[in-house]
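One structure coming up, written as structure tokens, with questions to follow.
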Amino acid sequence: MKSLNIGMIGYGFMGRAHANAFRKVSNFFALDRQPVLKAVCGRDATKAKEFAAQWGFDSIETDWRKLIERDDIDVIDIAAPNDMHAPIAIAAAKAGKMILCEKPLAMNAAEALKMVAAVEKAQVPNMVWYNYRRVPAVTLAKQLIDEGRLGRIFHYRAKFLQDWTISKDLPQGGAGLWRLDAKVAGSGVTGDLLAHCIDTALWLNGPMDKVTATTETFIKQRQHTLTGKVESVGIDDASLFLARFANGSLATFESTRYARGHKALYTFEINGENASISWDLHDLHRLQFYDYRDEGRVRGWRSIHVTDAEHPYMDKWWVPGLQIGYEHSFVHQAADFIQGLASGTPTAPTFRDGLATDYVTDAVLKSAKTGRWETVKK
Amino acid sequence: MKSLNIGMIGYGFMGRAHANAFRKVSNFFALDRQPVLKAVCGRDATKAKEFAAQWGFDSIETDWRKLIERDDIDVIDIAAPNDMHAPIAIAAAKAGKMILCEKPLAMNAAEALKMVAAVEKAQVPNMVWYNYRRVPAVTLAKQLIDEGRLGRIFHYRAKFLQDWTISKDLPQGGAGLWRLDAKVAGSGVTGDLLAHCIDTALWLNGPMDKVTATTETFIKQRQHTLTGKVESVGIDDASLFLARFANGSLATFESTRYARGHKALYTFEINGENASISWDLHDLHRLQFYDYRDEGRVRGWRSIHVTDAEHPYMDKWWVPGLQIGYEHSFVHQAADFIQGLASGTPTAPTFRDGLATDYVTDAVLKSAKTGRWETVKK
Amino acid sequence: MKSLNIGMIGYGFMGRAHANAFRKVSNFFALDRQPVLKAVCGRDATKAKEFAAQWGFDSIETDWRKLIERDDIDVIDIAAPNDMHAPIAIAAAKAGKMILCEKPLAMNAAEALKMVAAVEKAQVPNMVWYNYRRVPAVTLAKQLIDEGRLGRIFHYRAKFLQDWTISKDLPQGGAGLWRLDAKVAGSGVTGDLLAHCIDTALWLNGPMDKVTATTETFIKQRQHTLTGKVESVGIDDASLFLARFANGSLATFESTRYARGHKALYTFEINGENASISWDLHDLHRLQFYDYRDEGRVRGWRSIHVTDAEHPYMDKWWVPGLQIGYEHSFVHQAADFIQGLASGTPTAPTFRDGLATDYVTDAVLKSAKTGRWETVKK
Amino acid sequence: MKSLNIGMIGYGFMGRAHANAFRKVSNFFALDRQPVLKAVCGRDATKAKEFAAQWGFDSIETDWRKLIERDDIDVIDIAAPNDMHAPIAIAAAKAGKMILCEKPLAMNAAEALKMVAAVEKAQVPNMVWYNYRRVPAVTLAKQLIDEGRLGRIFHYRAKFLQDWTISKDLPQGGAGLWRLDAKVAGSGVTGDLLAHCIDTALWLNGPMDKVTATTETFIKQRQHTLTGKVESVGIDDASLFLARFANGSLATFESTRYARGHKALYTFEINGENASISWDLHDLHRLQFYDYRDEGRVRGWRSIHVTDAEHPYMDKWWVPGLQIGYEHSFVHQAADFIQGLASGTPTAPTFRDGLATDYVTDAVLKSAKTGRWETVKK
């Protein structure tokens, strides 16, 4: 079987998730190319070696430019902080590499647009790791919507609630905490959490026309890990917006890292004329489905335990009732990408899809400043 | 409108529930007889007067025999402790009164059989207050079963779990605590809690053939409220049994007052070839229903919020989504009884139905002693 | 015991809820005045008589002005459609009656302000039936917040979702459907459903500073029941807004009658630095509580079944685990009102409290037109 | 790092689960020996080769005796059907191999006893794959119990409900269906499902004294896949029992493959004087915990989302809120086994622990025949 050589940049939380996906995918999915963990790249050689040893990468690099130059690398997989996405992706496109990029695609839409231009000019396969599309319950939601079961859509609502930054003593910046550093992350929860909600929403409910938003930074100053100084916090701790979709539906979106009691509560709900769907990351293998066409006396929300062989991806795993984990969404996305290479079909979300989400987050951040409804670019 | 004069004996927890039902029923249900709270009877005249004032009873009695003799009483409603059910009911039957009796019907089946003989000889309307049959969700379960939606039944399981007697310092006997006194209550949780489970089960799943049981008294001695002495505890604190029903299904039953965390967790579940149903008193307006004939990909347990006008009894109350309380099951039973009088149809559960439950509890208590499977009398 | 003579105007859904509350309250609560259902008033004499018979009102009126003039009436209870609240209340205040008024207080804040002026000038006891404050779980939430258990508040979110007007064939106007007629209702879900959410929010989380909103009428034309003609629909079918509270917290609010699958899903959640609380009308006796100060390994949302004697109001009802219904919130409010008379303390929410909610709904409706953040009057 | 060479026999459902565990464990856990997938053994060479290719085994064998003879194999991992456990394990022990064995340990306790004797005589590390002990929520339950948080235990209840064999058209025997063939499986749900419940129960609640049971075979005849003939079904489709533990607690146990609507509902609950715990495999990362020592007004079942770094095993995975899957329990067990080798501590459940479960299943099956309480051997 032909190999598919992966060169991955970054070895944090997402680096582990990507490495696991590539290492595991061919045990469960029938693929015509075998992903090979060829090289991991990180600034710290010692840590990179440790990571390579633990995950079975063949080699390391400490300069991502060198990684891109290597002939034995087919895919550049970007698991580095947000500010590195654009330079790496644009260089990798020029080098003709396939490119996988962690979300959000870029620091902002302007940057993302350049990345899209680069990959489209180079005609290289490209994909953004909005992994939640491949949670089987979410994929099932997409199927039900595409089958027209919901009818006209009236409402969409999504939230991504966390509570891990409430302490004033938490510093910003540096390894593991770059998400709190606006210069590295671009934005706070808007790009980190809302971006997930928006990607799913655009996929399930189509384009968004306009938004009105508000954001807040609850803790205004934090010590910076790298400088050691107390500095202003530039990120948004919370971001809320109302939206109107092109299909006429109304929406509320909210994300925060100050919702005590919620570790990673990503939920969405969609209400249609005939049926409604809801989902919650905390119980990610369950899809709630209400079908008004059910007989009235026995009508109710159905709790679908999405673990049957007829559910998306689930024929590849265990037996009904036995659930899989968060990380499997990455395995599915890797499988789809490799199968897409074989068939020549781009695997969504592409960079262009990622740009669409960045257009929304830009509009959200702008509205939070102007206090007005802002139109979403398309 | 013709009145229906109620003479109620007892003014404890159940006395309040019955009084409330009679006071409220004609506000919500169209009836051709108006229940009138004619007299309440209790040994303590002061307390009886207070109760009469609070609930609007016209008069009081302190001797139940006098109440039975009164010409202005149509219905004797027995809300007194278990040891009083038989003498009162038998005397009331002789006096030609209609009789309503709190559950369990009697201290044991032998006593219950005499009560049945008395009411059947006297041909007086009679009913046992197994109120849970009239929780709308439970009535809906009965409808679904009667419509044959479940197919062949494989399993039944029921539990009634409480935790209010765990403290060693709780005394036994006297007002509010007679349920811990075997001489007054007949048994512990078997007659108090399991009797509810059994009544529902016989109604939903038909007759039971045989049982094997075990019981336990976790706290062996308690001070007796009336004597002041520490005395042996005669009741069962917990009672568990396996059963086989005439329809071939297998069952587990359990009740206890030592299940920390459960205030009144009465649940049942029934598994059929085609569908399953479950219910929980803690969320009594929800019925869980799983229909295997639903399309596979969207099959799941439906949480039916039993508050629509098409649900049993619910057209009489508020609007969809607004739930009613525990006490409304008594209102429904009172309504059905009065409507049954008009139509001449006995309203279940009759004393004979109550006897069937006592046959099961007798077999359970016997099996707990013999350690063998015991056949249930019919 | 001294009586408290009630004259109630209106005999629809709310008329039944109020009548039930007055009829039942003294069975469960120790009061020094006994509510008497003295008169019910409605335009249709036949229906009024039927209602009086069913609920035990002593008399009827067909002209509310006559009711107000009657010397034997202590309390005017307004359960008529929204457009009648102001004229009745203002006249009743002039006549020196105590006044209870269904929510929302008025068609808009300008009208509400006149009502407040009238009752305050006349110095008559007055109250708005925002009944959800007296659901025991909601009252418990208030206690926990007042005790300072949540710490600094970051987020509030509330929704009231229904699905009963989705059909295009549903007419507007007339008995039972006046809520769809803007001339009678004032607004759609904003005044009907959001008003509940706002009243609770102001009570739990303090005053609101500003809002940005959007509303929608999904079905633009409906036949009018009274005229028989197809007419434009003037109400809002859905209303969503973002808010900022004076305490610095951010909020999302949403209400709609187009959320398929939700009969009456009123939920709120409040996230504080130390603890969070959430509640759902569909399971109204449960309060979800998360306390960060719990030991880490066993920290989790607690599902509190608010049915213990130590929970608000619950010592008056049954035993732990046995829940009460929606309607009991009105019983509690009636009890509190009567106890407030004895103590001379105004019982909240007063008309002035109701005005505060109308200020918010006015700002919401204005923002939906201007597309801007609107400041809430105080 | 020193390798640990695995020779696995069987490549069905469990073969995949074991292979996955060994392949993945060192990516997540710091171990001093690296498991190597050295050989997989199965009767069908073609299938064995396919499996080896998919999972990265270095070689195959078609005769397990040859596998045992190989010098390059450290561990014999038995993932073959139940009737093969004893001969393989006994031979492997004689050959001085470490042995891992799928559950149940043997066809019956007599056979299991011989296996225990063999491994104890050979002094080889041995372990049974009762994987549910290593679901983090279940391990947390064990910690809480060991810390004495529950106090005196009153009740234990467990169920394992499935619904996959209800169809009469399902054959018995052969690949994937050997669990329906008594000659290969030993028993039906008693050894397959109840064994899991019993292993967990003995671990959490200590030894069991006696049981009374009933079993049923709902579908009496099925076509045999291998012979093509309709043959009597020898297995139990359902198995229920009551138990008394040495610590004085009472229990109900139930397992079935005829509980429509339940794919793999393994639940247990344990009620102690001070606290209670419950768990459900369908939502395996949640532990329900009720602590009576919580303040009364805010006491409730806590839904602990067992995904924090301070929860068992979870520091090795992702971030709070992100759950892992069923299969990770095997990864944890593999990690513990390898760490146990380093420390010289036997990793539970050993064969001797597996024997204890077989003693209970033997007593259950015996009681189902005798209709009496049967004492559990120890």
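Note that the chains are named A, B, C and D in the order they appear, and that numbering of residues resets to 1 at the start of each chain.
Rule of thumb we're sticking to: a contact is a pair of C-beta atoms (placed from the backbone, for glycine too) under 8 Å apart; a residue touches a chain by one contact, two chains touch by 3 or more.
On a predicted model such as this, the values are computed, not experimentally measured, just so you know.
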item	value
Intersection of contact partners for chain C and chain D	A, B
Which of B-C and A-B has more C-beta pairs touching across its chains	B-C
Longest centre-to-centre distance from chain C, chain (CA-based)	D
Gap in Å, rounded to a whole number, between the CA centres of chain C and chain A	42
Rounded Å distance between chain B and chain C, as computed from the means of their C-alpha atoms	36
Chain centre separation (chain A, chain B; CA means) in Å	55
Per-residue overlap in chain C, given as positions that touch at least 2 other chains	262, 301, 305, 308
Contact set on chain B toward chain D in their complex	154-155, 157, 161, 163, 166, 212-214, 216, 218, 238, 240-242, 244, 248, 250, 252, 254, 256, 258-262, 271-276, 290, 292, 301, 371-373
Residues of chain C touching chain D in the complex	140, 143-144, 287, 289, 291, 294, 296-305, 308, 310-311
Chain C to chain B touching residues, read off their complex	13, 17, 19-20, 23-24, 26-27, 54-56, 162, 164, 262-265, 281-284, 286, 305, 307-308, 317-328
